[in-house]
Structure formats: C-alpha cells, structure tokens
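As structure tokens, here come the structures.
There are two complexes below, and they share subunit A, which is joined by subunit B in the first and by subunit C in the second.
Let's look at the complex of A and B:
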C-alpha cells in the first residue's frame, strides 16, 4: 500500500492509491458556537438535490445534536469502537512532535481506518460497517424533546450540555469511499478536489457506504446506486443561473441563517479558510484520526468538556478555543465574512473598519463592517417570530 | 491522550450558562438587538437557546448580553 503524507496526522500513512493532488481543494469552516440547529441548511440541500423517489431518507446535509445524536445513529461511536478494538488503547497523539506546517497538532501514533483494515488483513480497504435501515431512518431520532413551553405534557429531556454538529461530505483528500469502491466509480475532481460518484459506473455494491467513516455516501433504492453530497459543484463552477459565470458557495452555506459557514480553499494562502485552519488554527478537522484528511473544519464549541472535544477534533482543541475566545483583529474580521455573500470569496483584506472579500480576479464582492450596526425594524415589518 | 471514549461529566449549573453566554455573544456580534436575541431564546423551536432560557431565566439571558458594551442592548 503506498505511503501518503497526511498533515492532520503529522506523518505519512497507508492509502490504497498514490497521492493525487488537485489544482485546489474545496474546503469549508463551520462555526459550531453560532449554530442553533434551525436546520435551514438541511432543508436547502434537501430541496435542491434529494427530493425524488428513493431519496426520502437521504440527508446529504444534516445537523445532529452531540453527544447523543447521530445520522445514521451511532455512526461515530461505532467507528471509534471498531478502531479501539483494532488497536486497544493505542489511539494516541504525541503532541510534543508539533511542526507548524507538517504536524500542527502533533503526531498521531494510533491506527487510521486504512491501517486498521490492513492490520486486520480484512478484505476492506478501510475499517467500516454498514448501518442498518433502522439507523438511517430518522435523522434526529431521540434528539427531539417536548417543547411545550409553559403547559401540557412533556417528555424526558437531555439535561446536560450539548451542541449541534453540522455535517456534509468532507470531500476528503484521501476518501475512504473512493478507496473502497471496487468499480472505481468514485473520483476526486482535479480542478477542485470535490469527490463524486459516477452514477453510470456505480453498481450499488455499497462499499462506499460501508467504508466512509462519516457515512455520507447513501444508497438509493429507486435507482440501485449510491449518491452523495456533490458540494453543489455547478454553483462552485459558476453555472448557477443567479450569477453569470461567477463561483458561488453551496446551498447549505448560502442558506445558513446564523452565518456559521464559510467556503474557500484549504491550499490557497489567500483564502480565509486557509487562514482559519492553517494560520490561526481555530478550525479543526472532524475525527482526524480516521486518516482521510477531511476538508470541512469546525470551530469547536467553547462550552463543551475538553476530553469530548479532543476525541472529536484532535489535540488542537484547547488552543483553538483559546484563540477564538480572545480573537485577534484579523480573526474578528474574517469571522465577519461568514455568510456575508453567496459569492465564493477567494481572498480578503481586513481594515480598521471593514472586512473585504474579493473574487478570483481580485474584484471586491463584499464589504462588511467589523462592528455590525444594530438595525431594529419597526413593529409592522418584524420578520423574526 | 486516549482517543476513544470520553466520560461525560454530570451536568452542572454552569453547563448551560456558558452555552447561553456564547449564543448571546455570537448573535450580538452579528448585530442582533437585545429584542431580536430574546425572541430566539423565547422560541421553543430553538432548543439550545430555549433550554437556557427555561433553566436560567430571562434575567440571565439579558444579563449575558448587557455585561458587554453592546449597541442595541441596554447597559447592565
């Protein structure tokens, strides 16, 4: 099995294919601190892509409540248990081995899902399991609570801390779905690193469903092939009718009411996403120990116990929350760019008064004040219930 | 650092308090007025903010916003 570099793990790792670096890599940052679980992103995605027969249970974008929720149910708990079984008590990080460029979180000394499968001599390319139909059926089951405010019946309610985890396909640099596919029906686009399933090649073996650790490829019973989040690639290509040939952010990102999402490129130093992940290091990958080098990054919620967050986002959590809680002027400015435009921001500039976003050709596309003015609508025009 | 299984601490009064303060600060930073933020907390649809509202009370939420020098919020 070839060795490939994984900067999130701070070392090389086994992967079935040689590294194929795209011209640039699609990436996004989700700020968990701002999400109130309104599910607008979920419905924006659903209404755009998965409204047809056989897609009823498909939620390419979902928002689940942690620690007790998951779609499919228990997806991360099950995979963590499989990894621990493959390498008991060995899933550890050496945080003394930090290197700003190649190992920003230290070195992961445990096994990735690829290495665990190899060690077990399994026929799988990556450690995984196939969720049952029951686990797919209801995306937020057991997360809902009775919400009667002042009267009526009430159901048992989770009374501990929780937070919302927003999930789409991570368009990983080393996708396990791609590694798993016996038909080579899954590919990573050279122009933007978006991972797609070729619907004509797929024969519905469900190996991608089984081996993607994030469980984002989904089997469609009506067509007997698998489907997944496509990162709204027609919008990224600038083919959306709303804007002539100008790259736009995905539906889930543009629809977000809380402005928690920002899209960009992880390998372009001018991109605000690069700044948040690689320079300021406030945004972290989801379960980096799986080894797929996921490209959706999260600003961790500051109210959650650190051991839980470190398991989920790796050892960079404490520093990330510290920087986020005491933000630099540049960070404050970049945070203002979240949700500020439907256009894709390629580069940015922060001045004393404003955060400015530019398109690929360096033209200004958005300008947001560092300190937002408060505008109170008159009662007859209130749009908040 | 072990990466599998984390113990969930028993809930404390501070759990939801920090969560509530964080929501208030985030939305206030985006320019939401005190009235607009309170509407989110009062709405049972938004379970996170509403849980804070029910357990900690209206004065806690208003206080979290007023503790900073924010436009659109009454001074605490």
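Let's look at the complex of A and C:
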C-alpha cells in the first residue's frame, strides 16, 4: 500500500492510492462557539438537494448535540471503539514532535482506520460498519441533553455542558469512501478537491456508507445508489447568475443564521481559512486520528472539558481555545468575515476599521467594520409602546 | 482339474474384481471430477420448448447437471463470500437459444436492498468475451482479455414480479407530506443519468456486463439476456436465456458444436455479500450441443454403465468357459 503524507498526523500513513493533490482544496471553518443549533443550515441543504423520495432520512448537513447525540446514532463512539479494539489504548500523540508545516499538532502514534483495517486483517480497505435504519432516524437525537446538572458553571470548563457539532462531508484529502469503493465510482475533483459519487457507475454496494468514518454517504433506495454532500459544487463553480456567475459559498454556509461558517481553500495562503487553520491554528480537524485528512475545521467550544475535546480534535485544542479567547487583531478581523457574504472570499485584508474580503481577481466583495458603530436612537423614535 | 482350467477360473475372478473395482473407482471419480476444475458443462440439445418462466420445468431432466464447487473470493479487496459451497449447473440449447440453470442452497430468500443494511441474493455466469487472444482471468478478466458476465439479482426479480419497490412499501409506517417535482428525473440523479439500478421499468432480472479487470465492470450497451429466479424450500433455481444469434457487439457468441469457458458466482444477501464479496468458481469447459443425444445421462453415468456391462460380459464369458470346460471334463 502506498505511503502518503498526512500533515494533520505529522507523519506518513498507508492509503490505497498515491497522493493526488488537487489544484486547490475546498475547506471550511465552523465556529462551534457561535452555533445556536437552529438547523437552518440543515434545512438549507435539505431544501436544495434532498427533498425527494428515498432521501427522507438524508441530512447531508446535520447539527448534533454532543456528547450524547449523533447522526447516525453513536457514529463516532462506534468508530473510536473499533479503533481501540484493533489497537487497544494505542491512539496516542507525541506532542514533542511538532513542526509548524508538517506536524503542527505533533505526531500521531496510533493507527488510522486504514492501518487498523490492515492490522486487524479486515477484508476491506478501512475500518467501518454499516449503520442500521434505526440509527439514521434523527439528525439531532438527544437534542440539548447536557452532562450532569449543577448549580451554575464557569469557565474554563463547565461542569454542566453540551455543544452543537455541525457536520457535512469533509471532502477529505484521503477519502475513506473513495478508498472503499471497489468500482472507483467515487472521485475527488482535480479543480477543487470536492469528493463526488458518480451516479452512473455506482452499483449500490454501500461500501462508502460502511467505510466513511464520518458516515456522510447514504444509500438511496429510490435510485438504489448512494449519494452524499456535493459541497454545492454548482455554486462553488460559479454557475449562479444571481452573483454574476462568480464562485459562491455552499447553501449550508450561506444560510447560517449564527454566522458561524467561513468557506475557503486550505492550501492557498491568501485564504482566510488557511490563516485560521495553518497560521493561527485556532480551527482544528474533526477526529484527525481517523486519517482521512478531513477539510472541515472547527473552533472548539471553550467551555467543554479538554479531554473530551482532545479525543475529538486532537492535541491542538488547548492552544486553539487560548488564541480564540485572547484574539489577535487579525483573528478578530477574520472572525468578522464569517457569514458576511454569499460570495467566496479568496483573500482578505484587515485594517484598523474593517475586515475586507476579495474575490479571485482581487476585487472587493465585502467590507465589515471591526467595531460596529454605536447608534443612539433619537427620542422621537424611542421604541416604547 | 487341468492346470489351465484352474488358472482360467482364477483369472475370471480377478477380472471380475478388477471390473468391480474400476466401476467403484469411476463412481468415486465421477464425484471427484466435480470437485476438481476438470469439469465439463454440456449444453444438451433439446427439441421440446424450454419454458422461459419456469426454472422447474420437466425439460430440465434432459440436461446433464454438474456440481461446481465454489469458494470465498480471497484475491482482492473487498474479500468475502464462501457461504454457498457449490452450485449445480445445467445447460440446454435449441435451434434458437442457449439456456443455463443454476441451483444452489440458500436458507433465506433475500429480494430487497432497499433499507440501509439489506442486500439481495444474486448469481452470475461469466464467459471469455469474443475476440480475446488470451484466456482472461476468471477474476473479472484483464485489460487485454475481457469477460462477459450475466448477473441475475433478487431485487430485479422482485421489481419484475411486483413492480419497483417504493419507499412507502419499504417503510409502510413512514409519513411524508409531499415530494416536490415527484416525477421529475432531475431529482433522481441515478435515474436521470441512466444508471440501470435506478430504472423503474425492468425488462429482465438479468444484467449483461463486461469487465476487463477489477473496478471496470460495466453494464453492456445491449441487454439481451432474459431469465427468472425462483426460491423454494431453501434452494434457488435461476434460469438464464439468450438467443444464439446476436449482432457483432451484442456480447459473447455461442455456436452449436462449439465450446468455450464458463465460471460462476453466487451472493448471499443476508450475509451482506455484494461486489467482490461472493462465492466464486474457476473457469470450466462449456460444450454446446452434440452430446445432447445422450438424453440426459451424464458422462459419469455412461462410464459406470459401460463398466458394468463389460463386467457382465466378462462374467458371461467366464461362466460359459467354465460350463464348456466342465462338460468337456465329464465326458469320457
């Protein structure tokens, strides 16, 4: 099996194919701290892509309440258990082996889902399981269920807590869905790294459903083939006349009421996403230990006990929360760009007054003040009834 | 008694024993034939019509069944299968068509893959595609030597028998207010792009495919194989039928009196078998026509009959020899 570099793990790992680096890689940052769990993103996706027969249970975007919730139910707990079974207590990091470019979080010394499958002698490419119908039934089961109950909580870690985890397909650099498909019906686009299931080649084997650790491909009985989040590729390609055929962010990202989402390119130094993930390291991959190099990054919730966050986002958690809690001028500025426009921001500039976003050609597409001006309502317009 | 008479009797007994031994061996050998790959499946020629809708029809008594051993697929990922240990194959041919009948044991009848976990039973026959210079690998062929595959699928059979299963049928308790643009293919991409799995009108439960290596399997442009599968008392019987005369690009060619190779595969849906996870055979010889005149008696059986007949003949010779000699001795 070829060896491929995985910067999130700070080392090389086994993957059935050589690295095929796209021209640029679709990526997004979700700020968990800001999410209000309204599911507007979930409905935005559903009303765009999954309202037809056979898609009733499909939520390409879903928001789940952690730690108890999951869609499909217990997906992450089950995966972590499988990993641990294959390599008991071995999922550890060496944080002394850090390197800003190739190992920003240190080196992962445990097994990925590909390596664990090999070790366990599995007759498939990656560790995985097929969720039952029952497990798919709710996009946010255990909604708002917190751990324990206490009289009041305070930072840095609340004793009563839950948080929302917003999930779409990660358009992984090393997709397990793609590795799992014996027909090569799943492909990663060279132009933007978006991962798609070829609807003509798919024969409904459900291998991707079984082996995507994030459980984002789903089987559609009305067409007997699998479907998954398409990163709203027609929008990313700039096919919408509404914005003069310029690249647009996805439906779930643009619809977000809490303005928690920002889309960009993970490998373009000018992109605000690159800044947040690679420079400021305030946004972290979800379950990097699975080894797929996922491309949706999260600013971890600052009130949650660190051990829980670390098994979920890796050893970068403490630093990320620290930077988020004491933001630099640049970080404050970039945070203003979240949810500020439907257009895709390729580069940005932070001045004393404003955060400015530019399109691919360097034209300004959005300007957000760093500090909102205070406007005092004149007496004749007082809002008193 | 003359010395030569005694040895004659001994020789007769010896011959008798040898013949019996040979017959016994051949009986065993006949079984062993089926478990090695030196099996020949012969498509016997028939005159009576072969019903296209009944895999249990009496005409199948005229076929010579061969038992083909199957084993789990352990060559490439994803591996699996192995639950079906053998498939009984029969073949018939007439002026117009060639017929194959596969029969195997399976405790459950799995006809649906509608839910997230369900898989269907299936069976397939594989032939080297025409024009190949080299014999393809029985494992899905290779780049320079393709294989033709005919796959029967339990869910396609159910589509034909009961219509394409809707979500409402699969989940009778589910409630849906409205499907916007219900019949607009745009919102069913598999259907819109012509994926055979997504098509709602099915003509045959058998799909014709071509493959030239792992991951290259593709539905053939021309679909000409008909068939039917029926499950009864823990056994599947699946019939595959195709015209002998087909166009240049319409798949593998068969000719009366000709021969080719054939391999088999079986999937057990309730064990999650699909794709490479299946029970497979290697290539076996397939002979078309001629031997048909045997009228339903298999080669093995013929060998046995000939052995017994020669045994009987030898016994007769011996008995008459003894009689003549005995009489000769008594005479003064």
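Keep this in mind: the second predicted complex is superposed on the first by the 355 of 385 C-alpha atoms of A that agree within 3 Å, B and C clash if a C-alpha of one lies under 4 Å from a C-alpha of the other, contacts with A are read in each partner's own complex, and residues count from 1 in each chain.
One rule holds in what follows: contacts are C-beta pairs under 8 Å (C-beta built on N, C-alpha and C of every residue); 3 or more make two chains touch, one makes a residue touch a chain.
Keep in mind it's a predicted model, so treat the numbers as computed, not measured.
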Subunit B versus subunit C as contact partner of A:315, first or second or both or neither: first
Touching partner for A:164 - first (subunit B), second (subunit C), both, neither: first
Contacts of A:140 with subunit B and subunit C, given as first, second, both or neither: neither
Which superposed partner A:80 touches (first subunit B, second subunit C, both, neither): first
Which of subunit B and subunit C A:373 touches, first, second, both or neither: first
Larger contact residue set on subunit A - subunit B or subunit C: B
Touched partner set for A:222, first subunit B, second subunit C, both or neither: second
First, second, both or neither for A:340, with subunit B first and subunit C second: neither
Residues of subunit A contacting subunit B in one complex and subunit C in the other: none
For the subunit A and subunit B complex, residues of the former touching the latter: 31, 33-34, 36-38, 65, 67, 80-81, 83-84, 89, 91-93, 95, 110, 145, 147-149, 157, 159-164, 258-259, 289, 301-303, 305, 307-308, 310-311, 315, 335, 371-376, 384-385
Complex interface listing, subunit B residues touching subunit A: 1-11, 15-16, 18-19, 22-23, 26-27, 29-33, 35-36, 39-40, 43-51, 54, 71-72
Residues of subunit A touching subunit C in the complex: 16, 51-54, 56, 123-125, 130-133, 136, 180, 182-184, 199-200, 202-207, 209, 218-225, 227
Interfacial residue positions of subunit C with respect to subunit A in the complex: 76-80, 113-117, 119, 155, 165-167, 170, 174, 176, 179-182, 187-195, 197-198, 214-215, 217, 272, 274-277
